[in-house]
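Notes to accompany the following structure.
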Amino acid sequence: MAAGFKTAEPLEYHRSFLKENCRPDGRELSEFRTTTLNIGSISTADGSALVKVGNTTIICGIKAELANPTVEAPGKGYIVPNVDLPPLCSSRFRPGPPGEQAQAASQFIADVIESSEVIQTEDLCIDRGKLCWVLYCDMMCLDYDGNVLDACIVALLAALKNTQLPEITINKETCSPELNLEKRHGLHIHKHPVATSFCIFDDSILIVDPTSEEESLATAELTVVTDEEDRLCSLHKPGGSSLTGEKLQECINRATVRQREIHKLIDKVIYSVKTAQ
Amino acid sequence: MFSTLMVRVGEVLLPGDEFSCETDDTISLTDHVKPEKVVCGPGLRRSGDRLVVCKSGVLRHKQPNVFWIDSQQRRYVPAKGETVIGIVTTKSGDIFKVDFGGSEQASLSYLAFEGATKRNRPNVQVGDLVFAQFIIANKDMEPELVCIDSSGRANGMGVFGGGGLLFRVSLGLVRRLLSPHSEIRSDLDQLFTCELVVGMNGRLWVRSSSVQQTLIIANLLQSCDTMTAPQRRELFRRVKQGAL
Amino acid sequence: MQLSTIPPRSYVISKSPSAAKQMTSSTLDRLLFLHGGGVMEVCGSSSVTLREFGCEQSLLSRPDGSASFIQGDTSVLAGVYGPAEVKVSKEIYDRATLEVLIQPKVGLPSVRERSQEQCVRETCEASLLLSLHPRSSLTLILQVLHDDGSLLSCFLNAACMALMDAGLPMSCLFCGVTCAIDTDGQIITDPTAAQEKESRALMTFAIDSTERRVLMSSTKGSFSVHELQQCIAVSQKASEKIFQFYRDSVRRRYSKTL
């Protein structure tokens, strides 16, 4: 009976749960799914992390390459994020060039990196105007069950913390860079931005960490990114039903709590990796 | 609600403007209170106990209690009972497909012509113009046209004859042309004699004594869209002087 | 704190010289709304100033609705087609399919445009009554003519005017307001490209006309919660002016048929 109801009237099905202040998977309205983090899962990448938020799985790999800095910013390196939503992760995505959602997600991640200053791009400069690091951050979705943005940001942050860049020396005679792959050092992470996504149901009910089904039924989506100093790095609401100031404040409060949780989680995982070694 | 609407008749309203239903707090026991009813036309919607404007335009009123928004849109949305000029695009079995400028094509049965029977099919070819009326027009169904009225008479509808010129104007101008005492129509009557067919979908068809005159009429009507009444009269006066 | 004085509103209406000219080309009267002058400062709770803005509706003959919107030197042209026939693959059984295309001044649309398209589309979807035209398609094309800051808000304003011009049913109007916070913590509404570059944070909001709530938000740079709330309040105030301008501009358009 319940299965038939869910298929025939998905919106009514969700509403009947929301009326009781809970959700079909047993969560409360402001409860996240279990977040699992694994660091250094790809040995060939310079830094990597795998994140699971419920069923949503994102793997992030960071590849550092040497490049010439741009003319406009000779003293800066750059970071190129890319979000891939392959057909593998959900039937809603088709093969071919990235769709609107993947492109919008990539742009969002790029904006967050720039706004939060998670890494100062000056740190990536090796030789001013001549040589710098480019960090290619590829985030691949393995299983799509909603809320990819949150998972992407966690994966990215953990992977950046995991990244070990080889030491580089410039040969004075040949003017060519020499890599010392044995001696590596980590990146300096200035900020710890964490995203928290919400969905608005029926123009009024706020739920956190939506599943893909909830996303498709909701009237609006909202993502708040905060850092450890409680500053907002992004308030991304691409449209949908409107939001009052109080509700917005509620979202921001929830986001700051989430930031603490994730920050703690990342630190714990990094610590456990270190002690294991 | 009636009185608040009456006050704003003739004003330009925008989507999102609201009229709330104010109820008197005292109820008279002796007077016979007639419940006020308001009939909403295009551009007005009921939302709960309020009336919300959903199109930009001028609020109009017709006795006794009909209100609507007069807007200048270009795309036609079919409504039951409206007459339009359509172009026959395909003939398939028992029906013709007719393009009338809306979001999908309308169907027109070959039996929906005056005097048509299963044996005696009307002579309609692909590319012909038809003047027809909607009998089915709602958002959930395919629109359907007929070329007969309820008593089976053509009543002016049917396939167009040869000659003449078809052109497009805004839907607002079409409604102005069709209003009972249209100034534009009477101005035009004084200028030229012509045959004019007005489709509610913004298509006009004109035929007059010469090609030149037909073109002048078409140009005049198309320019009426962007002119005020004095500007139009001035233009018509000058054409009259030039043409005579 | 200094108080910016606002000169009385003035309208500049350029009329076509002769009626004969109007016969051949459908020149539409252009309405320019002058407000304040150039850059403005927010002075506590006093009024906000925006660059002068202008709008022209139904200036294109082919689309079902069109509008150009000018904010200072930023200018966007919008065209709307629909409700028209929809591709079977994009058909939605209970509402219209809205597609937004942003064309940059030079080159092809990139990832940035895609994300702006998403913002504009979802804002329009929230205000349009799409369920009144099921199984049909609406296409909104936004062409950048010149970018001098506050481009996303200009997109939103042009989109709203074009949708209104097309006569599509809407539950409310919306407008876009961009706020920049400069290094001194001052809030600048409707910044120019140079002001955007110098700013510490940049926020664009879409505000709805009925309840003045935030429909869309897109931000850059980091800021405190207090700054965010200030910016929303300033945008809500600025939206009043834009909605009044919408009204004046539409009134002007319908003045001939009154």
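Should a chain be cited, it is by its letter among A, B and C, assigned in written order, with residues numbered from 1 in that chain.
In this text, a residue touches a chain if its C-beta (ideal position, glycine included) is under 8 Å from a C-beta of that chain, and two chains touch if they have at least 3 such contacts.
These numbers were taken from a predicted model, which means no experiment stands behind them.
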Central chain of the complex, centres being mean CA coordinates: C
Top chain pair, ranked by how many C-beta pairs fall in contact: B-C
Farthest chain relative to chain A (centres taken as mean CA coordinates): B
Whole-Å gap between the CA centroids of chain B and chain C: 31
Centre-of-Cα separation between chain B and chain A, whole angstrom: 54
Multi-partner residues of chain C (at least 2 other chains): 208
Overlap residues in chain B, where contacts from two or more other chains coincide: none
Residues on chain A engaged by chain C in the complex (per definition of touch): 100, 103-104, 106-108, 110-111, 114-117, 219-220, 222, 227, 230-245, 248-249, 252
Chain C residues touching chain A - in the complex, by the definition given at the top: 111-112, 114-115, 117-126, 201, 203, 206, 208, 211, 213-225, 228-229, 232
Sites on chain C touched by chain B in the complex: 19-20, 22-24, 26-28, 58, 63-65, 82-86, 127, 129, 132-137, 164-173, 208-210, 246-247, 250-251, 253-258
List of chain B residues in touch with chain C within their complex: 10, 12, 14-16, 18, 43, 45, 52, 54-58, 70-75, 77, 102-104, 139-140, 172, 176, 219-220, 222-223, 225-229, 231, 234-235, 238
